[in-house]
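Heads up, the next two complexes both have chain A, just with different partners, chain B and then chain C.
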Partner chain A sequence: MSTAVVERRLGLTARAWTVLLVLAAAGLLEIAPRVELVDPFSVVPLSEMVTELVALLGTGGFWGDALAPSLTAIAMAFGLALVLGVAAGVLLWEVRAVRAAVEPWLTIYYAIPTFALYPLVVAVMGVGLGPIVLLGTMFAVVAVVTSTLSGLDAAPRTVLRLADSLQMSRWQRTTKILVPAALPHIVTGARLGLSYALIGVLASEFVLSTSGLGHFISRAYNDFAFAQMYAGVLLVLLLATIVNVGFAALGRRRPEANR
Partner chain B sequence: MSTVAPERPSSTKPATLGAGRRAGAAGRSFAVLLILPVVLVLLWALVATLVDSLVFPGPLEALGGTVDDLGDEGYRASMLTSLRLLLVAWLMAAVVGGLIGFLLGQSAFWTRVFSTPLFAFYSIPKVTLYPVFLLLLGLGEASRVAFAFFHGVFPMALLVMGATAALDPKLVRLSAALELSWWQRLTKVVLPALMPTVLLALRISFGLTFLGLVLAEMFSSDTGLGHELVANVANVRVDRIAGQVVLIALLAIGPVLALLGLERRVKARAGIR
Partner chain C sequence: MTTTAPRTEARGVEVRVGGVSRSFGPVEALAPTDVVLAPGSFTALVGPSGCGKSTLLDVIAGLQTPTGGQVALDGAALSGPRRETGIIFQEAAVLPWRTVLDNAAFALEVQGVGKAERREVARETLRKVGLSGFADAYPHQLSGGMRQRTAIARVLSTQPDLILADEPFGALDEQTRTVLGLELLRVAREAGTTVLFVTHSISEAVLLSDRVLVMSARPGRIIDDFEVALPAERTPDLLGAPEAAGLVERVWQQIRGEAERAMAQQATS
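Moving on, here comes the complex of A and B:
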């Protein structure tokens, strides 16, 4: 290992360059408003965003009105999408005729701005947690369905024959054989699904709602409370990063857990 | 790709047979494509009849709403504005993202450096960043185009970069052995090899650009498809909203199906030759 050659440019490895890039961006975000490279009224220095965010996280009102509703909606949308998505994936995989009709639309789905449905849902159901969770679920569920299908397609035939030879019931076959066999792909789909649930929930709150982090940011913008607005945006980015890093760590741990 | 068969006789017979079969398959797959929408519309009609409520329009009421809308000059102007901004933003995302991806992809090292930041920008929820665009670019069309572009450019750059970096080294050696000029290498070898990925990236980028535009129009705009949707929530014209949602879906599906068809043709051609 000591002789392993790590490629370097200007003495830095690829990872070091990535870190440098991020630090440079953060530095620019701090300095540009201070030296009025950008309008300091429109863009707040990074340190002020962080200070504001820390202050916000210390207030109960922010947790109750913004963070808790968002996290609840995201968790509900993700949970629903996971359960419904895996169930729909297994069902589609079992019934080939239906799959043939549905599968092309799974490819097209994310190219349609599904979010256009949100005003319709609000018009029918009113503003509240329901429409937000519904939109988040709709955003996330197709990623889970697609990954479940590809996971089942990739499952070894012998595993499937095992289910037949053990004369399992349909339910047992699904929970004991099919889902575990597709699990690695489902984890990947779940990661995407959580990102999509996050986007769906925040977008719904941002455009039209009365609570949640998305609503907090849009209200702060309308009230010219830009430091608060940037603190909210920063929190959204942090949440998304935590989700991504968390799932990446989970993905790395899995192979060992299987041994 | 595994169907490449150079030892096949060069007679045109198998090729034309294949083309005929492909056309038949395309027609059939188009018919299969229609099944799900038809079932969904029937379900929609059934539920609407059962609910029988003013705030839950059926497909026919929605169609009526769309006819009303399209007869309205203001709505037509809104739609044309949206389509124009969508086209501009998508083209910008395609050109800028494609070029950045292609240039970074030339080096495996820089591909590694930039893949994490590009993926981060691709996967973060960009919605809540829209006020920043408004603050920097004002309330006009510029902020909407920039926001839509911001949604579409990262998947484009990421996918093209990945494909360029992973270009088959055999192709590179082949063009060296054939002593192709820089320009010939680009147009005869590199670009054709990247074509399937470029088409895929264009398709994904289109969907996200459209999403970004609709979100921007919903949040703050006095025109556009997204604005019309939100405006009708206040008016409780549910039939119009339903019709507009269907219209938006149709506007998105057209280009996507065209790109999918093109993608399939390019892949089939690469497979045969």
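Moving on, here comes the complex of A and C:
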């Protein structure tokens, strides 16, 4: 990225504007309840959310009952979605007849409310970590599959012919040619997939869990403990931001990705 | 590992193409073709675009199965791709996520040669193609010519007895193209490798080869076969010599009619 020319709008750089927007939103969230622009009972000032969050993070119970179960489920759902998604993507790409049959469904997948299936999942699997991870994986996996497919479609033909000419085994071809060739797209898909896993797990916890961050937010809401509820929501936002910034940094770190 | 141990006495293979034809559905790409390439010879294949040159090359590479006839290498019938055949593609077949060194070592890696050994061989072949100083660079940091050199270094690493090149320098500028062509000729001669070289450029064909084969418009067949009677030591200024200029003119005469037929075919199809 070039630093020689930095574009400015109204005297500020794009980055400064980004920060300014966040600060403005934060300021509004602090002031609006205090001047009763919004109902101070349902919306608490930002400073109170932060204070509550800091207090919660200081309690062992919150880590054990809310944060740890959610993070475990998110990590498992994301890991499964990544491995299964890349494997399914490569398989579909190799077997064109199956891809032709399946692709229309992949395209409309995110138009279908996967969560409508949660009663079915509960009926079959009961409650606990399993169904939560399953719903998170189901939500995340298709983003990885479609990105793997588009990455493989974009792979240069010459590189594939090279694989043929070197008589590579199917496994070598997959690990040394196909997956690395599709990797830039897979990273993008994984980033989406991680967000979907996070949404999937938290939403599932709202309805079918007795622990986790989603359950914590839902219970606080039902108890009218709005400061706690907002502290939970704030933590979700922070988690999502950290995860995304981390992925963006990972994308920038690979020099070979600049082709 | 006996298959990958360096052969001390590398030598080119004899290629015998017997009645080889290839059709794609109703389209006959290659008419029954017979040709023999002597061990260690450097042969250019020229012809109008879409005439089946690449198809013939793919068949000899084992990447396509002929519809009829067969290819024999040193008398043994060809049944598919083989490790001893090196292919240089039109677009440099380099892996963008690997360094130049690991690209040059890739074919040996696929064959299961250990890291230290394959890197040693790769350093040696990179030196042969003049890329010693770029071992740690990534392909996107190189020029097109240097990327193609990287691919050639990978091809040389397995000590092929046959090199098939499909318009390998077509995307490069004139000077780079001549330099790389002469380099390929030099390393192939040193190793005694048989080379079949497809090109659009008649002067490139004449400058590099012992022999120039001319193919007809589709369905492709070999319609002429010229010996190139130029000194063994090839330099770019040889093209100014009367023998070379005369040969370029004769090949061109042969090809022109075919090129016109090919264009007429494309216009009607």
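Structure notes:
By our rule, the second predicted complex is superposed on the first by the 242 of 259 C-alpha atoms of A that agree within 3 Å, B and C clash if a C-alpha of one lies under 4 Å from a C-alpha of the other, contacts with A are read in each partner's own complex, and residues count from 1 in each chain.
Basically, a residue touches a chain if its C-beta (ideal position, glycine included) is under 8 Å from a C-beta of that chain, and two chains touch if they have at least 3 such contacts.
Note that the structure is a prediction, hence the values are computed from the model and not measured.
By the touch criterion stated above, A:166 is placed in contact with chain C alone, chain B being left untouched. In the superposed pair of complexes, A:229 makes contact with chain B only, with no contact to chain C. Greater residue coverage of chain A by touch, when chain B is weighed against chain C, goes to B.
By the touch criterion defined above, A:17 lies against chain B but remains apart from chain C after alignment on the C-alpha atoms of chain A. Once the two complexes are overlaid on the shared chain, A:156 sits against chain C while remaining clear of chain B. In the superposition on chain A, contact is made by A:202 with chain B only, not with chain C. Applying the stated contact rule after C-alpha superposition, one finds that A:177 touches chain C and leaves chain B untouched.
Taken together, the chain C residues at the contact with chain A in this complex read 61, 63, 80-83, 85, 87, 89-93, 95-98, 106-107, 109-110, 138-140. Against chain C, in their complex, chain A makes its touches with residues 156-159, 161-162, 164-168, 172, 176-177, 180-181, 183, 254-259.
Interface of chain B with chain A (complex): residues 29, 32-33, 35-36, 39, 55-56, 109, 112-114, 116-117, 120, 123-125, 127-132, 134-136, 203-204, 206-207, 210-211, 214-215, 218-219, 225-226, 229-230, 232-233, 236, 238, 241-242, 244-245, 248-249, 252-253, 256-257, 260.
Those residues of chain A lying in contact with chain B across their complex are 7, 9, 14, 17-18, 21-22, 38-39, 42-43, 100-102, 104-105, 107-108, 110-113, 115-117, 119-120, 122-124, 195, 198-199, 202-203, 206-208, 213-214, 217-218, 221, 226, 229-230, 232-233, 236-237, 240-241, 244.
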